[in-house]
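Look at the two complexes coming up: chain A is in both, with chain B in one and chain C in the other.
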Partner chain A sequence: MASVSGADVKHVVVACEAGMGSSVMVAKMLAKQLKAQGVSVTHSPVNQLADTQHEVVLVHRSLAANAKNAVPNSPVIAFDMFLGDLRIAQLVNEIKEGSVISDD
Partner chain B sequence: MANFIPAGDGGHTGWRAAVQKLGGNLAGMVIPNIGAFIAWGLLTALFIPTGWLPNEQLSSMVGPMIINLLPILIGYTGGRLVHGQRGAVIGAVATVGVIVGADIPMFLGAMIIGPLAAWILKKIDAVLDPVTPPGFEMLIGNFSLGIAGLLMAILGYLGIGPTVNALSDVLGRGVQALIDTGLLPLASILVEPAKILFLNNAINHGVLAPIGVVQAEEMGKSIMFMLETNPGPGLGILVAFWLAGNTALRGSAPGAIIIHFLGGIHEIYFPYVLLRPVLVLAAIAGGATGVATFLVTGVGLVATPSPGSIFAYLAVTPPGNHFGVLLGILLSATVSFLVAWTILKASKAGDDDLEAAKAKSAAMKTGGAQ
Partner chain C sequence: MTDLIQRAGIRLDATASSPEEAVALCGQVLVELGAVSQEYADAMWEREQKFSSAIGLGFAIPHGTDEARKFVSFDQLVFLRLQDEIAWGDEMVRGVLGIASRGDGHVEILGNFAELVQDENSLELLLSSGTEDQIVNLMLDI
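Showing the complex of A and B:
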């Protein structure tokens, strides 16, 4: 259980297995949506998350447990769909509105 | 059916997270080097005697690349994952031992000894660092790596190389038996569900591609590269969702089709199947159809098509194999579409489809990351 205020989020990292395929795609789409907020969105292999600068981690649900192991103190947001995911849309809103982002 | 829903829900990480972690490490060693694999694959497709532009001189690069360069890159990257640049260097040195100690491309050996050598060096550094006098860091650092690297290369040459060689022999013979008896399409029963559980990279780069590389080196092509990477089954499922899925998923299906089939990011269709796990039957039927077609037409690829895009497929298809390859992809897409469409249509009665999907999705969410 980790949380952060959306207003404090300046770096989001999207993780996938190798950090070169699906995470890059999701990161690019998210970066566009968060451009106005000045939030940088990067991508990483899930087992190297500890080396990244981030306030929030975004990862597909199948890797959520691995991500949480890698960075136990960061909010790890899990999504289900690579396109049109409701949780990702919610995350964008939480960052825009500065509300609490939690991985409960 | 519940076992098709990804672990990570409900807090139990279990075997799947463990396998996936291993798979992630394997993928982490191979995927950053795929560009080199492609260079080798194109070189092979173009210049070997059965290639597009046979050329004896240029084709002499094919052997050294597959035997030496690619395993060393894997060992280097594997070492780097464990212990940074020093790990990378010792991983590369040790990999040379397994390469020379075996007579086949040593992908598996490199995946073992690269990280192992780096891990040992990490332990050595942890001991030596605190006791190194100022000014002697470089001397001790270089010689500890050099000596440990030498010993690991010898261990690789005498121990790991021959062991992996024997293991690969057994695996290769098993696969050949499956091919000879025509049972290879049954592999889809394992491969397709594993893909849906995001074990795609572990299976392809960890298991299938190393076997395929040995075959490709001997015969100029291999069907092993096509078991996991065929974009046909996923395409059929996505088209079925587009035409017969519930309204919410229908909207995103065309975009997903482009990203999957042209871009080669197969991960994009896994969640669609997870929302309705019985659709894994469509993936299995499509996958098996594809493998059977590839088998009957006797086709193979020269290298692993990564990502599994139709463009990557065409690039690593050797001359004369295009018909069988395209037919296999087309038939697998057709079969998986028909099965998926039937399942979606049948389950649409009453149109509680969307609600069910939402409920399941919500259930997965509430159980989410612990």
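Showing the complex of A and C:
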């Protein structure tokens, strides 16, 4: 497991496969929600995660294991739904409140 | 410059009995518009089989693979409203947004789309009552 304080999060990467569809959409929504916190939200194919600057990785559950393999020391947060997922809402709160973000 | 979505890329009474048919139709419309070659259309189904593009609320957003971007001539979105909703993995889908993109040119509009489908009035326009023009304007935020 890996964790980070929400207060230290300045870069979130949404991991995806092709970088064209649903993860891009999630990244765009999240960027809007975290704009006021000065957090940048980008997207990256899973196999290029290691080259990205991030404190937290967000990924659909089906790719979570791949993402964790790519960046074992980063907190990798998995979500199930592209729209209205509660874990994503929780991540936004954790960043806003500076609480601990953990992928255990 | 061509708009990211155009009237000719919208099919309001589309018929498809499976995700495979719906994705093929998206690919066909993209090919007809000259936005992609058939290789990209084929890659859309290849990608779909690896990982469902259903996003909830009655929508799916199929697209090709990273490797297939070279078969995209210009960024373009197409939209199908199916006459009858179909099972798409674990979800039911009526609206299908097909994506062709060389880079990140479509990202803004995709973010806009995510907000639209979570808004009751826009959702109604997309899935039931909207005309081609209304949907183009909605998506382009005009």
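Note that the second predicted complex is superposed on the first by the 104 of 104 C-alpha atoms of A that agree within 3 Å, B and C clash if a C-alpha of one lies under 4 Å from a C-alpha of the other, contacts with A are read in each partner's own complex, and residues count from 1 in each chain.
Here is the rule we go by: a residue touches a chain if its C-beta (ideal position, glycine included) is under 8 Å from a C-beta of that chain, and two chains touch if they have at least 3 such contacts.
None of the values given here were measured: they were computed from a predicted structure.
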Fit-or-clash call for chain B and chain C when the two complexes are aligned on chain A: clash
Which of chain B and chain C A:Ser62 touches, first, second, both or neither: both
Touching partner for A:Ile88 - first (chain B), second (chain C), both, neither: neither
Touch count on chain A, higher of chain B and chain C: B
Touching partner for A:Val4 - first (chain B), second (chain C), both, neither: neither
Which superposed partner A:Gly21 touches (first chain B, second chain C, both, neither): both
Partner chain in contact with A:Val12 - chain B first, chain C second, else both or neither: neither
First (chain B), second (chain C), both or neither touched by A:Val46: first
Touched partner set for A:Leu34, first chain B, second chain C, both or neither: neither
Residue range of chain B overlapping chain C upon superposition on chain A, of 7-15, 115-123, 151-159 or 331-339: 331-339
Contact residues common to both interfaces of chain A (with chain B and with chain C): 17-22, 25, 45, 60, 62-63, 81-84
Residues of chain C touching chain A in the complex: 47, 50-51, 53, 55-57, 61-66, 69, 99, 101, 104, 106-108, 110-111, 113-115, 117-118
Residues on chain A engaged by chain B in the complex (per definition of touch): 16-22, 25, 45-48, 60-69, 76-78, 80-84, 87, 103
Residue ranges of chain B in contact with chain A within the complex: 6-9, 13, 17, 20-21, 23-25, 27-28, 31-32, 81, 197-198, 201, 251-252, 255-256, 259, 263, 265, 267-268, 270-272, 274-275, 307, 361, 364-365, 368-370
Chain C partner contacts - residues on chain A that touch it in the complex: 17-22, 24-29, 31-32, 45, 60, 62-63, 81-84
